[in-house]
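Presented below is the structure to which this report refers.
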């Protein structure tokens, strides 16, 4: 849980949090600094625990309080007081909003200025109508194309090329990265709680990290993470019109052809090749050196070194034998 | 047939219309106010009738004239004079163009002004380089991002967020709607008559309606309707890079994941869930509460309450059993 | 190999080329004007020969030098001295970069000026913030929308409509062509040599040609060719969100629905119909009058006059029979 860019409005007294969650019981006043995951919380933090598969982490959390369910509360150590709620994720979102209210909505950044009025005027080579927000930094030898908007909270390394008509916020960019035209990078993901009257967005306190030597094609949308980051590993190349959802992590030396979509929280290894128009469902693991043929739809984990094809994707030889 | 935004150049004398359609016969001078569908026409309107499935409506039309084929002309009441042509749709398009010449082409709107020179300067919170066309209105508490162009004929309700680099025209937007970055909304659809020398575009006199509480993701294209409207129902959420073709109607509380495409004139009910990269053919009906798994291709109607998957989409259990 | 737009930095002495390729042997000084393919080279050019299927062309090349492999070198005539390398394509890219260094990177065009400061001020009808680069020409009766960037090396015919927020470079556009909003046309393709430390881009010295009466939908990306051109034939219509990769050639009177992707170097005939979300692999041939149903994935050549569907695409009747 990394949040270099969102202002933490804490500490917040636990009594206010109790109140927000409509929890009964006697609690002592105590200031809570932050909301973090089970393993990174300290005794001044609040955490959350919503699924049995995190039991081990829950047993050892250092947090003083934990939003959890009646079923899971007994897994917490004595040092951690359970806050029992009906829906752990909705309650976690509610509390996260209190700490990070700026991470919920993504209206345009009204801190931007024309680059000619900023300190970057002589540092960066830039086109017409370039806008720069607060908390932006550039390394040496960077180019930014026309009409591009570098909104707040963007760090760009050395030797980067940013195209025209692109919009970037809440993103850490390494060295020698190219981002082509018409991209939107770092906006919140498609994450919300459906409700038949009015859906509720949950906060996205993660960021986008794009490591050295990457190229991001035209028309990409790369959403920032909700409780973790969206990551594009070193020397990975994305073709045009690709959609990378929130919390996705892509490894190094990976090549992704046009119009691919990767759903939220999926994790890809290194040296992967993905053909055009492939779709990958959320919350999957794709191992190192995997090759996915163009047009495939991946709906389960793919072990390392496999070649797959089809919808649902399976062993490529088997698929081609069955589909002559 | 709702056309609040396109100027009707009528009335047009029926003799001019006869002439345009190369029809022989004796006709009396009569001014025609508008071209409308079978059921909404009055005695001063012209209508059209191109398929037997509209027989019942044809039997009862109040229009004085009807563009139709030799096969269908006898279905019309005595009060309605048939204008018999070879291709009803091409002839209808020709006549519609006479009434609504502005609905054929979609060149950029040259009525726009920088928002700082408009009456909205103090009403709306806006970014840099925002352009506003004629016949635009805003409710209270609206935001418009940088470089966004609200072209002519757009009505926006209260509490709406419009992102950056988006283009909107001919669109009615409700309250608390969010439209993210790089969208193009309200342009004509992909509707034309193919011809080996030069295709002919037909007019699009419909609009786009986006109801309260909707969210439209980055990079969406939502085309306006040709003879009816394109509609996004209340509290429906669209992820990034989605394409909604002309005349599509989507119900309420529907959730559509990234890179989905819905072809022209398809009608979707309420409470539908559509996974990423789904494609839905044109002129289909998708019932309430349907769930369509990511990557599916839908080529026929889907009854309410079904869960489907595959290409072509079928019952999800059957699909998964057959595709292990 | 047509390169009206990229500056040729030749002639280059063959000794410098030898040195660049790390080739041993005795060579005589000689100025080389250009690098061309086997058939269009003259005695002052260098060529390349990387696959046995071009034997016949190699037997008859007029080039004085040819980058090739040990296996193929004996196919060259006595007048052509082989330059034997390990990887013909990488070496060809290296040399092409020397002749055409401007064809490798695609940073934004910093030659652009606001159109009001150019000679087109009274010739073209234009929106706000339109930028025009060097070596651009327009016919009569052209429109360009707001925020559009016509970068260097673009020729536009008569009666063309260019939308808003589009970016075009290195492109020849015929008469009566419409390019809608948010397109990116003429940028380099997704062509590079993968390397686990840092991928190397190869030059794209081709252009995009869009012939008379075409329409290109919103959000299209059409990449220019690497060693040949990307071509859209006369009266061909593309719907929204389509991706056309480098070197693709599309014939006349073809209709392509939304979200289609065509991978590099595939060649399509005339009068083809392609449904929405179709994907076509690279280096294929699709014959005249072919119809490809929406959602299909094409992975092999399709003979003329066929109707195909499925993934992989096969005869449409067979597909529908097998997939009830």
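The letters A, B and C name the chains in turn, as written, and every chain counts its residues from 1.
Basically, contacts are C-beta pairs under 8 Å (C-beta built on N, C-alpha and C of every residue); 3 or more make two chains touch, one makes a residue touch a chain.
Predicted, not measured: the structure shown is a model, and the values here were computed from it.
*Asks:* Where the contacts of chain A and chain B overlap, which chains show up?
*Replies:* C
*Asks:* So chain A and chain C: same face meeting same face, with over half the numbers shared, or different?
*Replies:* Copies use mostly different positions to touch.
*Asks:* With chain centres defined as C-alpha means, what is the inter-centre distance between chain A and chain C in Å?
*Replies:* 35
*Asks:* Using the touch definition from the top, which residues of chain B touch two or more other chains?
*Replies:* Correct list: 129, 147, 165, 182, 219, 241, 259, 277, 311.
*Asks:* Would you pull the chain A residues touching chain C in the complex into a rising list?
*Replies:* 125, 127-129, 143-147, 161, 163-165, 176, 180-182, 213, 215, 217-219, 235, 237, 239-241, 252-253, 255, 257-259, 271, 275-277, 293-295, 310-311, 323
*Asks:* Please give the residue numbers of chain B that touch chain C in the complex, ascending.
*Replies:* 105-110, 112, 114, 129, 131, 147, 149, 165, 167, 182, 184, 187, 190, 192, 194-199, 219, 221, 223, 241, 243, 245, 259, 261, 263, 277, 279, 281, 297, 299, 311-312
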